[in-house]
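These are the structures in question, set out in turn.
Here chain A shows up in two complexes: once beside chain B, once beside chain C.
The block that comes next holds the complex of A and B.
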């Protein structure tokens, strides 16, 4: 087994030992193009076209209240960085990313390790675990608003029953970091199943002989996890981390439901929404969207470079 | 009064070529466009179906109220030949769709919601067609108590589609338990009664204020400011709340103090207006809402499946510092987006929607089968009269009286174009003050700074 840099690119591709087969060029005509045309149209219309427009219009003054539209250079970008609400949202989003990645990857890996060994009812457990992933973010926000409710919420009831609190507490809105952590937990609840499935797939690809060898060598459970399992699931952890990072940097639904428009826990996306559709400052909204996209892509690439290593079992 | 059925007005020519988009399009707008493509195709199909009794023209209506009863809509189609594709869209989502479509210069609907708070914005952006050509503003003023909320510089941007007031409600059963038999008529008495309810243990947190950073918190402050005898902005949109002796300043102090002293449930920091009514007031976790919405007694508190206080909650004249306070108007209206395809048919629909008989029916005059859920009160005097005479809606007479005699526009000159940003400053700062993240003085200063920035 080897763990190599992604750039090395070894271990895949045609087997050179396989007998060469004479191939006759096929003439499919337009069929391949017809087959991919719907996808090209779909991606072009819903991804590429809006992205190009966003890039262009991020540099335009577009505000129907103060029109007319005109080229603004970097004016929108300097305006958003001067806006204290945007600065607050950037800090908050950093917290969301930190909590979101830690909770999602942590819980996801833990769940995957628990599900690694076959047991009776494993399929049912898997199906139940995936359920939160199927729920819309708004629905989850509503569910958790009842859980966190300071008057009759389940969390307060449980903590009081356990004598961990004397009286019911206000969880959301009182303190910035606590509020962000609790909202990030709601999103982690939603996206952890995906992380768990990604890691579980990687775990199931690890050959059993490696664990047998580790056992023969007298490795403890902790040592086996640290020296065998984690290095081998590193690509999956990288993907799960990037997925959690992207979702956390773009958190909106849960913030909107649980925090309304309070700056206490506002996110970059909720702030973008309010600047664009409430203040009708579309130019700044585009600029903020573009900035969020660039930052998300840059961080995601950094994480992949840092974490991703190709695993080859040959 | 608009009581006669309207004859079908010939359809105006719809341009076949979509005009080139002049400036901006967003991903959201694209999605909105796709929705409209679906609508457009059905409209096209309807316009080309001239056999049988099919409609001559189809209009798309997008309003933040559930659809009128199918029976009434069918009658409208039979009378006018206009088929209605009705979309009930939640208020916030609807505003986003209107803005996205307008900014993308895309057709969205033929009739859409015009909230009182959006009138200044639509005046500035020209996103809605002025209706003066179709309605005589001068002659309607005596008929529509809240028409002023939809007029800006003489332009009628929407027709009132209901009467909605900020009113005070109290749980009379709780007051009786606390030994209070006379309803408060001043703010001082009201405060004393709330403290009595709390100190006597009748209700631990007797007052509902929705402190979530959302629009409902802003309007609560406006109403309380009116009760203190003032208004938040002058007719030229300058702040009138910066002095500690001003009504707006005192109102904010009263609200924050009520929260910190425990008159308001702790959880209300994250509670918006309607959840406050349905969770707190309807389940007797609170005993009064100072700035409630007209119609909530019939549609929330007296609904047995949703409430444990059926028959206990009543409207009272809103107590002010010097006696009865004005009830600020927060009505909904309907108007015609600038890109509407079927303007004449849209006008016909608006007139039908505002007919006194229909308005009274939507509010419950004909019983539950014709009620439009959450519809507060008829927009016009005749509709109010029909509703009161039906005797089927609790509190209707009191509300009609308040609407006719105590109703006042929040901004007499119409909402400023930058109202949403102003309201945002109000509710975020008021929320922060209640959460203890800033003082009332700081909140007031920040809101005033925002007004200066917006109006400058």
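The block that comes next holds the complex of A and C.
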């Protein structure tokens, strides 16, 4: 238990006034600062400082080989908006967000409603449902690329056996929106469990009397869902939506494996990666990063404001 | 209250959900245990008739196809274990100490610091990826365990702090008051009373952090892409883009699936607690 050892190693000291202090408002001296110091150092140096750097460097002309950077105004931004690859990535990411949120929140809410009432074997089902969430995105990309395989894939095999397609097809890379949908589906497979658990927790918090009252009033299942359940799980739906939105705006692992560096289904993140670390164009990379960060944070705040209202069970 | 499922509609829906969750993993497992010829049959065979371990042997450097395929999978397994475990231990140490300070102690600038840290939860990968690469290059920590562990920790700590803060807030204060009245110092109380009571919350946070670490890809792709430190996820993407038989690629995927799958099936209860504590507040 390293945690305990670390805790035991510091902060012991004389505390003669302890019993007397119990009543009046106290400050705890230096100890709290010692306890939060590692946190402040890590977050300051490796989260806040880099974010500030992104904001500054997005306005700089950066050449990693020839040295000193100089102020470029909005030069990097006009360069990225002139770049057709970036424009395509922006459109693609819009599709990723749309499909990602619809699939994840839709499936997630459905699964949560299915698991709402207790039944035998529910724990096992929950464990099975959580599994895709726990797997690395790259692994999922690899597993699904084999499922989508144009010559030996099981999806082709299944669709052909069901006579839905005449012959084996190329699923990934043939059409833009179809490719994006199929890659978004892989990510949805991964993050749906998160949405399901968030909504399930909200469902379990709804007092049973509300359902009894609805059934006494003769409300149908459909009507009960619409009038009782949905309004009460609104905050949870807001959180699930925001999480799905942020993750689909950031989609990278699945795109990297399934789409590689083709522009067909490139995402903002994959384009940023290739521009920065393959083309070594750091200035544009920073500009893209800043733009994507601002958009992500703004959309997240907007959705929460729109959907999130405190729930009152009265 | 627990009763078997009555309505056939719900039963069908449940079977569909279980199939949806398990089939892709089953398919990779099935492929990894097939011969190349069997894996490439059309129509696809749903079950393995003659399971074989050749793909796994090749992956770990034995058998005829090993040269191309393996490329250091054993090393990348060690790397991912070291990096993920290191980041989990460091994240927990930082989040448990700070979480307790924020939940129970009084000090200046407390809420400003707390919300500044929690706000970094909303930062997407974009915000820090490029500068972290440059910072790590400047201090010579690219392609080192320490570098990747530090970067993981900075990303994992805000959520871990949030969960631990809520765990400590929810503990009954009376136990700590009793310890204090008995003359224990804050640190003694923390060590002997608080930590043992908070153990389930700490376990949940540790498990979730570990799974996050195991799934990392873009940061190690940028920060540790040489074989001495690259984790299994980065190697898997590299194998996938090489001309390696699908059976071996799927075997590598199953190696990467094994540990998270074991964690999910044996420690599932804590994962659900942790996710819910982290998300719905």
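FYI, the second predicted complex is superposed on the first by the 284 of 314 C-alpha atoms of A that agree within 3 Å, B and C clash if a C-alpha of one lies under 4 Å from a C-alpha of the other, contacts with A are read in each partner's own complex, and residues count from 1 in each chain.
What we mean here is this: contacts are C-beta pairs under 8 Å (C-beta built on N, C-alpha and C of every residue); 3 or more make two chains touch, one makes a residue touch a chain.
Being a predicted model, the structure only gives us computed values, none of them experimental.
Bringing the complexes onto one copy of chain A puts chain B in a clash with chain C. When the two complexes are overlaid on their common chain A, residue A:239 makes contact with chain C while staying clear of chain B. In the superposed pair of complexes, A:145 makes contact with chain B and with chain C alike. The partner that reaches more residues of chain A, of the two candidates chain B and chain C, is C.
Contact with chain B, but none with chain C, is seen for A:69 once the two complexes are overlaid on the shared chain.
After overlaying the two complexes on the shared chain, residue contacts for A:53 are found with chain B and with chain C alike. When the shared chain is aligned, chain C comes close enough to touch A:250, but chain B does not.
Looking at the shared chain after the overlay, A:120 reaches chain C, while chain B stays out of its contact range. By the document's definition of touching, neither partner reaches A:162: not chain B, not chain C. Contacts of A:269 after superposition: chain C is touched, whereas chain B is not reached. Applying the stated contact rule after C-alpha superposition, one finds that A:297 touches chain C and leaves chain B untouched. Between chain C and chain B, the overlap after aligning on chain A sits in one stretch of 8-16, 98-106, 116-124 or 134-142, namely 134-142. Shared contact residues of chain A, touching chain B in one structure and chain C in the other: 45-46, 49-50, 53-54, 57, 145, 149, 151, 168, 260, 276-277, 282, 286. Taken in their complex, chain A has these residues touching chain C: 2-4, 6-8, 10-13, 15, 18-19, 22, 25-28, 31-33, 35-36, 38-40, 42-43, 45-51, 53-54, 57, 110-111, 114, 118-120, 122-123, 125-147, 149, 151-154, 156-158, 160-161, 168, 189, 193-194, 197-198, 201-202, 235-236, 239, 243, 246, 249-250, 252-253, 256-257, 260, 268-269, 272-273, 276-277, 282, 285-286, 288-290, 292-293, 296-297, 300.
Here chain A touches chain B in the complex through residues 45-46, 49-50, 53-54, 57, 60, 62, 64-65, 69, 145, 149-151, 168, 170, 172-174, 258-264, 274, 276-280, 282, 286, going by the rule given at the top. Across the complex, chain B meets chain A through its residues 23-27, 30, 95-96, 99-100, 102-103, 121, 124-125, 127, 212-214, 265-267, 269-270, 272, 279, 285, 417-418, 420-421, 424, 427-428, 431-432, 435-437.
Of all residues in chain C, those touching chain A in their complex are 1-5, 10, 13-14, 17-18, 20-22, 24-25, 27-28, 31, 39-44, 89, 92-98, 100-102, 105-108, 110, 113, 116-117, 120, 122-135, 150-151, 153-155, 157-158, 161, 177, 180-181, 183-188, 190-191, 195, 202, 211, 214-218, 221-222, 233-234, 236-237, 240-241, 246, 249-250, 252-253, 256-257, 260-261, 263-265, 268-269, 271-272, 275-276, 279-280.
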